[in-house]
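The chains carry the letters A, B, C, D, E and F, assigned in the order they are written, with residues numbered from 1 in each.
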Amino acid sequence: MNLSTLTWTEVESYLKTKNSLILPIGSTEQHGPTGLLGTDHLCAEAVSAGVGAKLQMMVAPSVNYGMASHHMAFSGSATLRPSVYQAMLADIFRSFYAHGFRRFYVVNGHGGNINSVGAVFQELKHEGMQGASFALYNWWKLPEVEAVSKKYYGDKDGFHATPTEVSLTFHLAGIDHRPFEETPQKGNAPWPMTAQEVRQVFPTGAMKSDPGLARGEHGKVFLDLAVQSIANAIQQAAVIE
Amino acid sequence: MNLSTLTWTEVESYLKTKNSLILPIGSTEQHGPTGLLGTDHLCAEAVSAGVGAKLQMMVAPSVNYGMASHHMAFSGSATLRPSVYQAMLADIFRSFYAHGFRRFYVVNGHGGNINSVGAVFQELKHEGMQGASFALYNWWKLPEVEAVSKKYYGDKDGFHATPTEVSLTFHLAGIDHRPFEETPQKGNAPWPMTAQEVRQVFPTGAMKSDPGLARGEHGKVFLDLAVQSIANAIQQAAVIE
Amino acid sequence: MNLSTLTWTEVESYLKTKNSLILPIGSTEQHGPTGLLGTDHLCAEAVSAGVGAKLQMMVAPSVNYGMASHHMAFSGSATLRPSVYQAMLADIFRSFYAHGFRRFYVVNGHGGNINSVGAVFQELKHEGMQGASFALYNWWKLPEVEAVSKKYYGDKDGFHATPTEVSLTFHLAGIDHRPFEETPQKGNAPWPMTAQEVRQVFPTGAMKSDPGLARGEHGKVFLDLAVQSIANAIQQAAVIE
Amino acid sequence: MNLSTLTWTEVESYLKTKNSLILPIGSTEQHGPTGLLGTDHLCAEAVSAGVGAKLQMMVAPSVNYGMASHHMAFSGSATLRPSVYQAMLADIFRSFYAHGFRRFYVVNGHGGNINSVGAVFQELKHEGMQGASFALYNWWKLPEVEAVSKKYYGDKDGFHATPTEVSLTFHLAGIDHRPFEETPQKGNAPWPMTAQEVRQVFPTGAMKSDPGLARGEHGKVFLDLAVQSIANAIQQAAVIE
Amino acid sequence: MNLSTLTWTEVESYLKTKNSLILPIGSTEQHGPTGLLGTDHLCAEAVSAGVGAKLQMMVAPSVNYGMASHHMAFSGSATLRPSVYQAMLADIFRSFYAHGFRRFYVVNGHGGNINSVGAVFQELKHEGMQGASFALYNWWKLPEVEAVSKKYYGDKDGFHATPTEVSLTFHLAGIDHRPFEETPQKGNAPWPMTAQEVRQVFPTGAMKSDPGLARGEHGKVFLDLAVQSIANAIQQAAVIE
Amino acid sequence: MNLSTLTWTEVESYLKTKNSLILPIGSTEQHGPTGLLGTDHLCAEAVSAGVGAKLQMMVAPSVNYGMASHHMAFSGSATLRPSVYQAMLADIFRSFYAHGFRRFYVVNGHGGNINSVGAVFQELKHEGMQGASFALYNWWKLPEVEAVSKKYYGDKDGFHATPTEVSLTFHLAGIDHRPFEETPQKGNAPWPMTAQEVRQVFPTGAMKSDPGLARGEHGKVFLDLAVQSIANAIQQAAVIE
């Protein structure tokens, strides 16, 4: 149930019996020399679509730009300042809340967005958005997904341009695999790093990961797992009892 | 050349000989009882993809949310405050400028975005973004497109949920046509209208238009025309001489 | 009816039968070596005063600073960032709206303000400013004015420090004319330009115009034309019917 | 030396030997049933013009809107939020500083602006605006002016819509005097007051003052005194030695 | 080494050989009917002082207000909007960075601050704050602390007004213990909750915790544990190798 | 009555009969080579605590950071931009107002905060914070305090790192006195100064003062005087009658 391809009258009907909305958020940023710049929003969109189909839930249009300043030393990366990103997300939630949506499920494809998303939830609470619930799902951190990543890649999944996320986009893009030549990490820098520090320490953009292990067929596994796990989580959505 | 599905190394190569970027911007908002909520970003994306293919130019990920406060009385519409929208767009341009992009072509699907886009161009000039050029293409206002709209729909194209834009999305979505029952306009209100005023005056969301005239095959014509017209405009891009 | 020289009790009386307000907005920026830095606000004020007198409408104090960053490489120019300019204008409208003004007629003397004014109208709509109508009159773009500019100056009116606007200020300042020596345009730059680019391409500050053609007596004609045209437009103020 | 009626080349010449700028700032707000809404900016402009003429100093266009929220319960008053007002003033100073102005003399007509002006000076220092000096002259608080106010009006000058400021505008507007019927103060409220509280306690808008004592001829005296006092102060401008 | 009680010359000396700064951040908010409103900043200050003493590190003055909107339905709680809180923290870091501090250790006493602190670190990276490292220590979540909480309180530690944090403040304030009568949770609400929802579900302000178990002597244990654990963590501060 | 060490139920009880709140605000900034960096907040806290005890009034946690950009060229100083500082203070007042506090007494230890505090009071009035009263006490400027400063130090009190404020902190910190070698002022600079200008003109950070005259026993006198003076002022708190 893709909100973009529905009419306002169809959404109005949906809201008579349901109040859930899935919002995919991602980023546009380097994912190493073999990964796609759109990895984070492509993954979030695909997982969201799967969950929406499985649970008959409405999926909002994807937010394709996120907080990625630490990747800015690699061509094609784009970033919003955290303050701007938070203001934008807050307006989107306010909009959908105004129509009666109440249960918001954010499917996130990018680690750099997490703090800001949490702060937005708080900003909205601060305003007194009664009855709204917010849940954030970072698909690659779901225990079920991490278990399989571990099985496939051991300690080579790293923390950026991971074979896990690269596999998922390969599946989406019909790519089987791409060779990747590991480059030794050049020293280190305190974390969090600036863009210049990331470039210097991780010259390819892959961070302690080996995206050469990525396979399109793995991606299908990860997609299904992430969809199923989030669908389960939503259905058991913890309330404080 | 979809930036989302390329790698940072491919963008780096592109920037060795080119510095153009197409940015599709749209909105998520009601388009009458038969039009899609994503009409404005779907059209912008499709036209951008066409222009990118024709001119071998890089196309950035779409900005799916815009300034649509006047549509907020119809379910599923979303809006960013102009100030927030401008801050977000400015960050996107700053990001791509940092990598060496200089010629920015914005393909816009929504009238409500126009003022803000212009203000962003000025804000960036204010900062002294040397060497950057900005052009805004509102695809539905291109003379070539307007001429055919006139031919097909006479004075029934109106100014929102027009058969022109609805046709383009029908083409994209594989819809032939959908019946639309016109509802008489209920009085009037000073323009620009608030959300409540739009709802009251135009109860279906269509504004002086008859989207029942939309046809998928028309959409194909409009898409090709818009792509060709913008491609021409870019190639002849007026500089002050 | 100059609000500045009336008392609050007089405005209160006015509001019992009327709800219109004219707001002159301009800029402080270079207008070539013969034009006045205050051209844009002086013209807006004069035109506003004329319209106010003709229609017995209240005229608010002028906003003398605008969005002029592209003129900052010429001494004496001043500029507000678009975001700041918009926030200021919005507060002014909110203030007058709070007293019961509803029909706002903005008489603008500067092209650089246009995007921001439009965005402010949208921001106010976003807030739900019920019953307010906004109209923007760029006095030099009125068809009646443009026709006479064309008659007097042919293609020498250009687009900044035009003989049209310079004439109007000469009329106000009691100047007959001032000689102007054209300087060849030095190459070109993509538009919109930064301050440095404007200075380089148009070394005198006049942009494709010949302000040496300006005459005080022309200014009287333009002033009368602009006043009459805007008065007509206000009286026929289009509502959507 | 009115910057608005000079050309950029004239300002450039001025800056070869001088770097002083006078900025008149005022407000648009009620001044009781006999005082003008523009009192604060009209006074600031007149005093500034006088000082500029006496010292051959450049005078910038007036800022006609200020921080006047406490007067908003009287028709015709307008106000900027302090945060917006500060942002606007800061941009104006930044603009003139960029051209080489260094000594800024702010002639203020409104008490409500004082805190914000001080905060702006600090914000600019925070940015490191080297070599700039800022001085604020509240014309009605100059000792020479206060002494004559005391002589003319004793304890009837009050603190808003004072006969002192009303006299100055009467002089400018060619008014001799206007009768004023005092209304008893209705209780009191903690200071600072909101708009509603001011209206309730001071129903005419005059605050502990008797503007019925104002005379046009007094205004001439005040204007000359203020001009002379500020000119003296500027010439002896205290540096820390 | 309390920066507040040192002189600038002493800090200058410190910076010749060290570049570490500990910043305690807390909140002012309800901690149930027996806990102190200042719990979160009192704990952060005490732990910071201990770490500073143990490692001979500079400790900056405490930030006593935080993001606590969900506690606002209980008297005495105060909150900053996340956007404001982030802007303030960023200025503090920028200040100390300007003097040469590079390793920032934030000792946090309040869960509601976590997202904003993370976003601030990113905002500073976005600006390119080269060479700075940031670490956040939420003292009550340290594994060593959690283990003892579990031992003392089992599943009665809950997640707000926990006996752990209450014990620490009792130790600081010389209180032995205070009786607490548990009130049954009233239903539930989706998390995160607004202020009204928290009040309704957790009428005493304690959230699934039994602060009646708190003991001053426990607090001493927690304080020592937290100090030791953070000191250890700082000394082993993970860099990416 | 230190709010930080009370419970929400105790504050609730207090608010049944009282609505006063004392807020200490200070700064973290250089106070010469012998004065403490925390001087301004330590003094504000101590004076506030004294007033609170004498009048049985609630004292909120101290705001330890202020507007100190002009001191940033001395190690250990920290500053908030005026705009950020104002936003933070406003949120604190809004929070306490929400619980029923109405009479706000700000005890300030730093001159650089004064403009911003005044602007915040106005911003809150702008919002219509009915029934709230605000008073600002700059403890070192109280006539009673100034008289004793004059008696003790004659014209050596200067205007920063004054023996008055240094004495008060010496009293608090148990210091008797510290020797101070005066350094000749190096020329002068227009006021207000940037950080670099302050450093250059006043190389020790003391500004026209001789903190070598400070004595701990003086501090006790100043503290008692300030407490008594503010307590008197609060009790006679001027309302407009």
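By definition in this document, a contact is a pair of C-beta atoms (placed from the backbone, for glycine too) under 8 Å apart; a residue touches a chain by one contact, two chains touch by 3 or more.
As the structure is a prediction and not an experimental result, all values here were calculated from the model.
**Q** Could you tell me which chains are in contact with subunit E and with subunit F alike?
**A** Expected: no chain.
**Q** Starting at subunit B, what is the smallest number of hops through touching chains needed to reach subunit F?
**A** Between subunit B and subunit F, the shortest chain-hopping route counts 3.
**Q** Just going by residue numbers, which of B-C, A-E or A-B has an interface where over half the contact pairs are the same as at E-F?
**A** That would be A-B, since it shares over half of the contact pairs of E-F.
**Q** Per the centroid of Cα atoms for each chain, what is the distance between subunit D and subunit F, given in Å?
**A** Chain centres of subunit D and subunit F, defined by C-alpha means, are spaced 29 Å apart.
**Q** Rounded to a whole Å, what is the gap between the Cα centroids of subunit B and subunit D?
**A** Those two chain centres are 47 Å apart.
**Q** Centroid of subunit C to centroid of subunit E, CA atoms only: how many Å?
**A** 55
**Q** Listing for subunit C: what residues touch at least two other chains?
**A** Correct list: 79, 81, 87.
**Q** If contacts are counted as defined earlier, which sequence of chains do you get going round the ring from subunit B via subunit C?
**A** Moving from subunit B on to subunit C and continuing, the chains are B, C, D, F, E, A.
**Q** Once bound in the complex, which stretches of subunit C touch subunit B?
**A** So the residues of subunit C touching subunit B come out as 67, 69-70, 79, 81-83, 86-87, 102-103, 112, 114-123, 125-126, 128-134, 185, 188-197, 201, 208, 237-241.
**Q** What part of subunit A is in contact with subunit B in the complex they form?
**A** For this pair, the touching residues of subunit A are 2-9, 11-12, 15, 28, 30-38, 41-42, 60-65, 72, 74-81, 84-85, 87-88, 91-92, 95-96, 98-100, 173, 205.
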